[in-house]
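Two complexes follow with subunit A in common, the first pairing it with subunit B and the second with subunit C.
This part shows the complex of A and B:
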């Protein structure tokens, strides 16, 4: 008999229904609970997954088409950048140290975000969030790839770009962003969505991407600006997903509120601690500054975040408690972080330097309450000593916070002259944290944080040497061996910018490009 | 509170006293000298004499600071876990009851860092 030809083209609405909701089904060979084992253990109650509102009505075919178009443009710009020696258009090679930090500390996390959203997409029983997480998962791997491709141009000419993946898993300061994502990834799918989808992608994202992308634009880094633009439309989608997810959880059951609030409190603090690195980048590493960390915090957190939490108040959500501490910290953390990297600059895969007089004046104007009183004397002393050939490099490993893994550099909320020490006990062992925020997180789940891979402790346990290292050799130098384990090019990746190979090369090449020799 | 998990959640403490080949961690910070961004971590045998730490290790770590030469250990005070604590320079860590991962704060009244800025 004749087959009846079906309509060739689906309408948009039909296509959308078939390609999203139409892809899910109730399993019968196995119970749904066995197919989705991670859906309930966190205590979040979902009664009707169909109530999920798709924040962006995007189907997979449209997704491919749209992203492919963006890729073509991106790679055309990157080719032009490479061919025209785009690296010589930046303000100064000091700038690239911010980008080394980005490549080593952020880009690999895009990859972890890819894995985390893929897992969330697998683990949610509802088809709406599954599709949304799938697309975000693809965005994130694309972000990792485009960032690596864009920044690989710099790897041809400058030090410190050569082994970001290896370094992420070993280097002391990279354990800060790494452990942040590992913490989220090892939680259940709902906590992951609050940690990364909401707190990171919605509440804090502007404090990460705007500073880096504007910093790039201000400093002539077209490679970074281009991948930033290319990721921008994805970021808008990610923010919407994070917000939809939290609203969905809160609307589904009143019992979800205290769990969600606890996660918001935790992940706001975890995220803000990681952003210390961004604050340092804004205030110290950009030859041409965009705005101060404090100003960025006020605009993107206090103002925009304030409006967001006002909006969420109707669900019973409150602004995280840590904001009080952050209001104090915004005057201090960038200075404390740069002081840390300055003195541990022998063990970093990027260069550090003393701020110039002009830069210090900028800092005192931006931080009238704190810079001259607490930080200028420190940086001035170091600079004077460096000029006398006595540049300070700390020779002893620092104590780290068990939760954020940052050295214990932060000061008491009511006393900027006093390091903040917090201590907990668990199973007869002591655990130290940098703040009430980190202590609170530790005390809530000590079983989790006793597993923190703290680089300093791992070094002392003897776990951070290359296989060829021989501790029995009388000439064995443990610190040198650790830097080999990190795969640093010693004397090139680390130490002061002043006198570095990056500085010499950039000045020579730029001279060739702009002057008649 | 316990970790909310699908199965029994129990893992070894990776920095436990048993993981340092017979040694123990000791943290030492110097109050009001933030030129050193964080307290230092040392990994020492329990039979280390406290005087050796004060005479050899701390000068190596803190000696860069112009205040270090002015430190008078007969008037300096110490805190352990934030509480007043009195060392005996001739006793060992074990004899002094210092446990793995104890945190000490050295206080040197009158010394207020670079230009009095606590740096």
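This part shows the complex of A and C:
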């Protein structure tokens, strides 16, 4: 036989199709609905999985080769960083508090993303999207592990990094990012793709990933910036997957549009609420700032996101309604969040502090409409009190939003002096939310959100103490017992940066490294 | 002679994360340890999954196997992502060199027709079975419990995809795209492949992920890989089919490496309790019988009159491997 004739070179697209979707088959010994049990319950209609366009064409051997090369470089840098006391090259140890928030609040969620994409990579009946999801699952465990490994060196020298998984599950403000991912993973595979694949990875990633990594670069944090750069090409793949997924769903059936729109609206608002923590980090926690939260929002959401939604308009997708409120909120949320953490600094696993005069001037310049009018007086007053030895710590517990789980600290869209709250009723009980956006989400799926494990409610119900706690003891201090339940190193993880062990150690060690004592 | 550079020495406040220190003491930890132990959440989930409201998001009750500590199921290869990709990239370098050499020298064209046909009949349709292996392991990666076992199952799933893609290249190398179409038709309809396809489809609806692990990783791979990538490979090499062996070298090495990991999981789970052991024995007996039926036609095609002896031999080896892990055979 003449083999030469049949062995013409295949095109890349053709070859990749053989390597992937050619592998699947329609099962006959077991019904397809039993093999793919979660493909239909959300109401999304897919008629032809073959219409899926592979957003990137990567075979496993190429994946191993490229990724291994990146891993070799990354770990070489991390080894050098550890060997050369790289932690002393950062601008100031205050900076590390942003990274503590990242390790406790974000890295464990990269892990959940890994599991969620593994599930999506098993559950879609189409081979193309399954392989793309599995590669993302693999990337996500990479991100969780490279972050843990990069920040492991900081954990050896600084407080607040030491028990991140335990804290994520329990600590009040960490329930904000945790519940976000729990929410997405507890939904079906299509909603997961809109929540994480599209809204989080595509629309919001520039507001999460970029500020943290740029902040690291601006503040001399070689460890973080290295995993950030190393993850960039992975993130680019994830963005194209998220976009392909939404287009595919919309092209398959017109009935999918209202479902997809509802999910976009929900996950845009859920995501934006989580990003409050990023806004606070950018405006208050970086010794050397990259840009203000407001500027980041304008560039990455209003401009870039606007272009994206214009592009999606041909499918009938509209910009989420909540964006109107965001244009008001962008002037306020970072200040309101930092003010909250400043007050609850006794119950946070990172340090807080008063902004300096120079920092407040920067904030005035960046927020000419709001900072001097609403926030400078508050921070100035607290600082004066602290200087007199009355550093203010709130010992009460704030009420939390039933959906986003952030304390009710945000203000009414039309009145920045009035706390905003909304109320819904479900089965005779009242539930409170922080905004129209969260109330809307609650009212749409109350059965889901009444399940929320709200840290403050749980404390009041007595569910947040260690087994050795004895409420009958006259010396019982409930707040202290809660912090033990969180496994805080009291006095080291929490309280003001001024006078902290981190501050003292960093200054001493930097002295050792730069002076002849 | 040794030289010592002096560096500024700073005494660390702690050596590792608390969860690692609670397990191993406060001493320097490996990257496998820090990247694996306790990384999966275990406590306090906000919402029940809409797709399975009887369970938590991560829930140890999704299998009937019980472990006091799921992290006892550790990976002897200590694969975290970096170690895994670096190991595989070395193997793919070797595989790529083999494929390059075969293409450059036109070695596939020199194969005896009979061996070529055997490879087309037995290796190429197997890529669909490999895709089943991918699905079963991604199921465990998603719904299993504890990163120690779910993490390597994702790596294993991706390895199966890699193997399926190498087998695809074998088909393209030997005959071009027609080989893939024929193999697919054979997988769907030829009597040769129906028992194996039925076995795999039956595993795709199993809901207990540890049962999936036994059915797929221990039993099916434990019989198919030695049959195809050891015994049949020996035939290829002996009869002038070295180019085929070169194209499947990855699979031969891979199955030896991964069998060590699979054995370690079975051994630890069986040693945990008599209940676990009884369950594993039950699954072993159930799936071994089914798998032997499923591969009988393949052995027949590969070895003709020697098929029965080959299968008996394989079964004995497999049984002694299982016995070493504490199972009753």
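Convention: the second predicted complex is superposed on the first by the 501 of 517 C-alpha atoms of A that agree within 3 Å, B and C clash if a C-alpha of one lies under 4 Å from a C-alpha of the other, contacts with A are read in each partner's own complex, and residues count from 1 in each chain.
Definition applied: a contact is a pair of C-beta atoms (placed from the backbone, for glycine too) under 8 Å apart; a residue touches a chain by one contact, two chains touch by 3 or more.
None of the values given here were measured: they were computed from a predicted structure.
Colleague: Who does A:321 touch here: subunit B (first), subunit C (second), both, or neither?
Modeller: Neither subunit B nor subunit C is touched by A:321.
Colleague: Looking at the overlay, what does A:374 touch: subunit B (first), subunit C (second), both, or neither?
Modeller: first
Colleague: Let me test your reading of the model: by the given contact rule, A:50 touches which partner, first (subunit B), second (subunit C), both or neither?
Modeller: Once the two structures are laid over each other on A, A:50 reaches no partner at all.
Colleague: Output check: A:311 vs subunit B and subunit C. Expected answer is one of first, second, both, neither. What do you get?
Modeller: Touch status of A:311: no partner.
Colleague: Once chain A of both complexes is superposed, is A:387 in touch with subunit B (first), subunit C (second), both, or neither?
Modeller: A:387 contacts neither subunit B nor subunit C.
Colleague: A:399 contacts which: subunit B (first), subunit C (second), both, neither?
Modeller: Touch partner of A:399: subunit B, not subunit C.
Colleague: Look at the residues of subunit A and decide whether subunit B or subunit C touches more of them.
Modeller: Between subunit B and subunit C, the winner on subunit A residue contacts is C.
Colleague: Give one of first, second, both or neither to describe whether A:457 is in contact with subunit B, with subunit C, with both, or with none.
Modeller: The first partner, subunit B, only.
Colleague: With the two structures laid over each other on chain A, which partner does A:41 touch: subunit B (first), subunit C (second), both, or neither?
Modeller: After superposition on chain A, A:41 lies in contact with both partners, subunit B and subunit C.
Colleague: After lining up the shared chain so the two structures overlap, which partner does A:178 touch, if you call subunit B first and subunit C second: first, second, both or neither?
Modeller: In the superposed model, A:178 contacts subunit C only, not subunit B.
Colleague: Which residues form the common part of the subunit A surface touched by subunit B and by subunit C?
Modeller: 37-38, 41, 188, 448, 451-453
Colleague: Under the touch definition given earlier, write down the residues of subunit B that touch subunit A in their complex.
Modeller: Residues of subunit B touching subunit A: 1-6, 9-17, 19-21, 23, 25, 27, 29, 31-32, 34-43, 60-61, 64, 81-82, 99-103, 105, 113-115, 117-119.
Colleague: Which residues of subunit C touch subunit A once you look at their complex with the stated criterion?
Modeller: 7-8, 10, 12-19, 29, 31, 34-35, 38-51, 57-58, 80-82, 85-86, 88-93, 95-96, 108-109, 127-128, 130-131, 134-135, 138-139, 141-143, 147, 150-151, 154-155, 157-159, 161-162, 164-166, 168, 172-178, 180, 184, 187-188, 197-198, 201-202, 204-205
Colleague: So in the complex, the part of subunit A that touches subunit C is made up of which residues?
Modeller: So the residues of subunit A touching subunit C come out as 3-4, 6-8, 10, 14-15, 18-19, 22-25, 27-30, 34-35, 37-38, 41, 59-61, 63-65, 67-69, 71-72, 74-75, 83-85, 108, 111-112, 114-116, 118-119, 121-122, 127, 130-131, 134-135, 137-138, 141-142, 144-146, 148-149, 152, 155-159, 161-166, 168-170, 175, 178-179, 182-183, 185-188, 448-449, 451-453, 487, 501, 505, 509, 512-513.
Colleague: Going by the contact rule set out above, which residues of subunit A touch subunit B in the complex?
Modeller: So the residues of subunit A touching subunit B come out as 37-38, 41-43, 188, 336, 339-340, 343-344, 373-375, 377-378, 381-382, 390, 392, 394-400, 407-409, 411, 417-419, 421, 423, 426-427, 429-432, 443-445, 447-448, 450-454, 456-457, 460-462.
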